[in-house]
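One structure, as structure tokens, below. Some questions next.
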């Protein structure tokens, strides 16, 4: 016990905060539904991921792991996993990323777990092996890529949309990123959020979470959207809604979370107030047009470890974490508790795919409702929350048309 | 103009607050997509409904109308509509209800608009006429009944689930009932909500809205649910979640909004605090077990026009509006603006069904996404809110898998 | 019991919701601290006031009562009080107001309770009688008047500033009016608050309460202030703060609560959106410049019982309750629970003044802290809330400078 | 410019976020009101404090500085200040603290700035020098100590209660600590706040801020108080209020902010849930009875850099930052913007004391209202917020008693 490495100790601590995954892992250990299965995983290499790998292995699988974002790789965790016999291809920093994905493909996984679809799309580029069972995907942006593959008629396997599970939307998108994006901004800047005007660009589930937390922190929140349904919802939620060019003049802090690109561009930068802060909470670093920002600036100064100040002549705008996803680059990403839900879903989804009797269709599939419900139940148990159940008479009433 | 009756003036005022329906009505008047169609409607007979009827008639339809809840019928509105040539079968009060539904069926409608499915189920009991185009349904509970019909293999036409449209969920369930249920409680009791413990039973969209508004009014909110997914979401939204028996001891006010029956029963009444208030925000008056409440009471006193006090020996519990849906029975139901959305959806759904070239399948169908989006756009226009649109490059990026 | 009149029954119901005053009344009945004292009261004639009168009489006082606002007088309550031997000079409607104040003065009270200082200032105009004990005042605006008297060197007695007691600020200003002002707007218009821009003019305690509740109801709130401290606090609370002329273009609803006059004037009306709603939550109907509004309008139409629509040519603005205080004129004023606090403070303040051994200075005095604390304790008891107390060691630590 | 040290650069960055102090500093530089005055300061040695020192020196003062809490001392900042000619007696870590206070006293300051009253009480122990001008104090706990001195008849100078200025209460207590205490907890644990039960012990201004932010982060908040007025306010703000022993069973996170000692004791630890987190946001590390915690534990493990896990047999409770003030020990203390307000008040208070013609009384004095108002104005300017001002007629109305 005293001989735990730093990485091992952090894995233990995270595991202690992942009671849902722990219960899932215990069941997998007992039932061995993944016996003999080789899994490839392209995920953030963190203590939480280590606990997922542990659960899969407990269920009988072997696992090869690379990083879905090299900047989030925690080397002590990678070492700890390698020490337990996991094939780990990951090292912190920006180099070697592509090679590591290729290395995992070389281990010939028959089921993949992805966070951005890098592994699965790379496998498609090379050709899926025979006997490939299926894949899970964790992110909105990854699903966009998978669905584009499907639309081109090139998707070769079933993909479970973990990110669209209801528990996942709640924990990961709304409450996980809602909290951690602001946490990242605080750690990078130590800004007082109360009294600030925060512009949230994109009002999907994650944007909703960020807007809610920003308001909860005392900020005045402005929302920009291109979708009329979401725009209307933002307005009904009490936020001001306006085009980004107008919001550019109002904001103290801008947070992009659209999943798209070039959301903030030259025309926006030109209208911003002196000292405006730019942060990206989307998966890729393309939401802020960094090239345009550099082109517009007379100079750039690193004013804090995670803050670059761009000199736009009469004003300065400050870019956080080089436009990379701020909750990972400036904070610690999702709390363990959020990953607990995601990874319980991942593990149960992998089991579900591995145990189907019929081959699955080559399409994006929702996570089965019974898995979602099971995860919710395990989480309520972990929280010590008890709830009622319907009586037979009540259940009958609810399904009767006679009223 | 000076000769407007009270009913007519109230219809005009409501119309002024229904800009979306007005725009829809103008289009219908120009395009006449409902020319010659006979529509049967079973809706609350209010000034807002009168504006829907007007829009349908502008589009070429004839309309027969009865009340979906006789207690909400506003006689001056009924008279004003009748004066314009609408066949109205509705009179305030609890009598004549069933006969009025029968009378509408007697006018042989080929398309129905329902709020609780009373008209459509009655038509099914009698047999749908040839050439029946389809139906719309406005409520969750109505859809339960329609789907029960479908499951029994007896559904004879397409039913558009207006209540499940996204704009409808936002306006009607979350924000409409969220506000008006509490409004009804205030009008009946003039209670101070701040500092009260309010127990919300049922955390569907409507329950979420009520909980949100109750918290916004300064109450401490406790949620009871039977569904683990919803229970978990309530907890993550910051509410305490517990079984109803335990909540019975905590609450100052109880609001049922489950869609089910006997949610509060004898065992709950026995544990409540002296002075506890019971309100129902569900469609039917079966959520509170009124029979058990009467059986448990030594006496009942009408302490305020909409409050009956039940003497349970050492304590009294107070029932609002006899357990009928409190936002209609004690307040004025939905704001015109909410009905504006619902009725724009109803009108566009009717047009959509009436203009399909192929017959529709006999099943519950979602409101087409383009209708939902169109309503959102018209509402944003009405609010004066402008939003951005995607550039071609952005749209391409969002649908490309190469990232 | 079965012979209770409507007024008596409503007094009983209100009494049941005033547990703090009830406890105070029981103590007064036991101790008779007001024996032989003649009290004059100028208050809203409501069931809650009737319970205050009852408590004072239980303590030995005789009471004469007139209305502080004739529009809020509830005739059935006035009758019920008169039937019990109280000298009541009050009748609903706008006539006879001044005469009724004079009539109370004619009964020669030696202690007065005021809500707007009408009685006390009228008594000063006439000259205070010998042996006058003192006065209490319930409103901010009343204290402004009393302090003006004091500044002119004409104040002839001690006045306890009930409105500035801490419990009073919390219940009456922040949470009482915060809720009831919006309640009045809803009852008058059945408006959906979610998604609306609500402009709150004045950010004193009452304005804070209204802004908080408006945000809690889903509105986007804009605050206007003339005081830099309050303006800054509004901004830090997350609201937009701007000059009223700019806010005039933004608002869907305007609520004045400054205590001043002509807050919304011709220039503001000219910039408002079509359909803007104007409401006053200040004590007097001078916050909206009604004369200027009438002068600017081509015509006025009564569109709902409490809504007048002013035709400004290309737009209409709608005035609620003729600019009178909207929570009284359009709703039922404060919940009984709020008046419970106010009137417990009034009663204990009267007792405190009546039982001082030395004459009190002729100045505005704060309600003694022990009364405030006593009321808080009684209210916590009534709510069933238990709290801790300091140990001797903790108390010593808190008062020691050695740390 | 390229030659800035790390400390200098961080001082510059902080200065850029302190626009109010900068404006004050410019005025001091122009007016030299502190010419020749020697100031002693015992404050957190941070970049923000460095900017205060700079403003004082710009105004003509010389300054000697020691640390009010050695754990918050940033050595690079201390070096940068020393390099500019400030007498700095501060070094990060727990040693040498008392000696540094003595060293500042040795420089014979005639005006002191304190954050906890350590410098002023030490000077009193030794005896105040002749010609001592006065002192400012920044914290509630420091004022308790000063007032204890006063009550013993030993206070030798005027002390301006900066902490009780209205702008200070808003920024420092409510919004500064409200945000940074939770920020500290997040940095130490990466916990998900949504869905957690957070117990806030103490509902002063700081406790209110923490409770508000915790609720804004999605937590269910329980408040413990000993003062009935505050307890009632917490309840009316929508929180559950209960004795700490009962709350001990409910909480996932406990935050002490009472200013007192032994708020959480053995009996509380025994009832807590497995994994409960204990944090202190009060000035001194005595709010959690650490001795009792150690005595109750079979062992202690450092599970994260700022988290110690105490083994209580069947459960573990986790102590953050060894019970030291969590916003300083685990985060970066107040945002620069908060210190901007505090230090502008400090500087203007020092100027006010130094420029009085008559000697000040030896008592605790409020910060003059005109300073508070001036700081609010400067801050509104910095935020770009414009507000209205009263017309002459409006001002007259507000001060007239005739109504």
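In this document, chain identifiers A, B, C and D correspond to the written order of the chains, with residue numbering beginning at 1 in each.
The rule we apply is simple: a residue touches a chain if its C-beta (ideal position, glycine included) is under 8 Å from a C-beta of that chain, and two chains touch if they have at least 3 such contacts.
Keep in mind the model is a prediction, meaning the values are calculated, not measured.
When the partners of subunit A are compared with those of subunit B, the chains appearing in both lists are C, D. More C-beta pairs in contact connect the chains of C-D than those of the other pair, out of C-D and A-C. One simple way to say how far apart two chains are is to compare their mean CA positions; for subunit A and subunit C this gives 52 Å. Rounded to a whole number, the gap between the C-alpha centres of subunit C and subunit D is 37 angstrom. Multi-chain contact residues of subunit A (touching two or more other chains) are listed as 171, 175, 194-195, 215, 218, 235-236, 383. If you check the complex, the residues on subunit D that touch subunit B are 194-195, 215, 218-220, 235-240. Against subunit A, in their complex, subunit B makes its touches with residues 116-117, 121, 141, 144-149, 151-152, 166-167, 170-171, 174-175, 224-226, 228-229, 231-233, 235-236, 241-244, 259-263, 284, 286, 372-373, 376-377, 379-380, 383, 385-391, 393-394, 397-403.
On subunit C, the positions that touch subunit B within their shared complex are 9-10, 13, 16-17, 171, 175-176, 178-179, 183, 186-187, 190-195, 212-213, 215-218, 273, 275, 303-304, 331-332, 334-338, 383-384.
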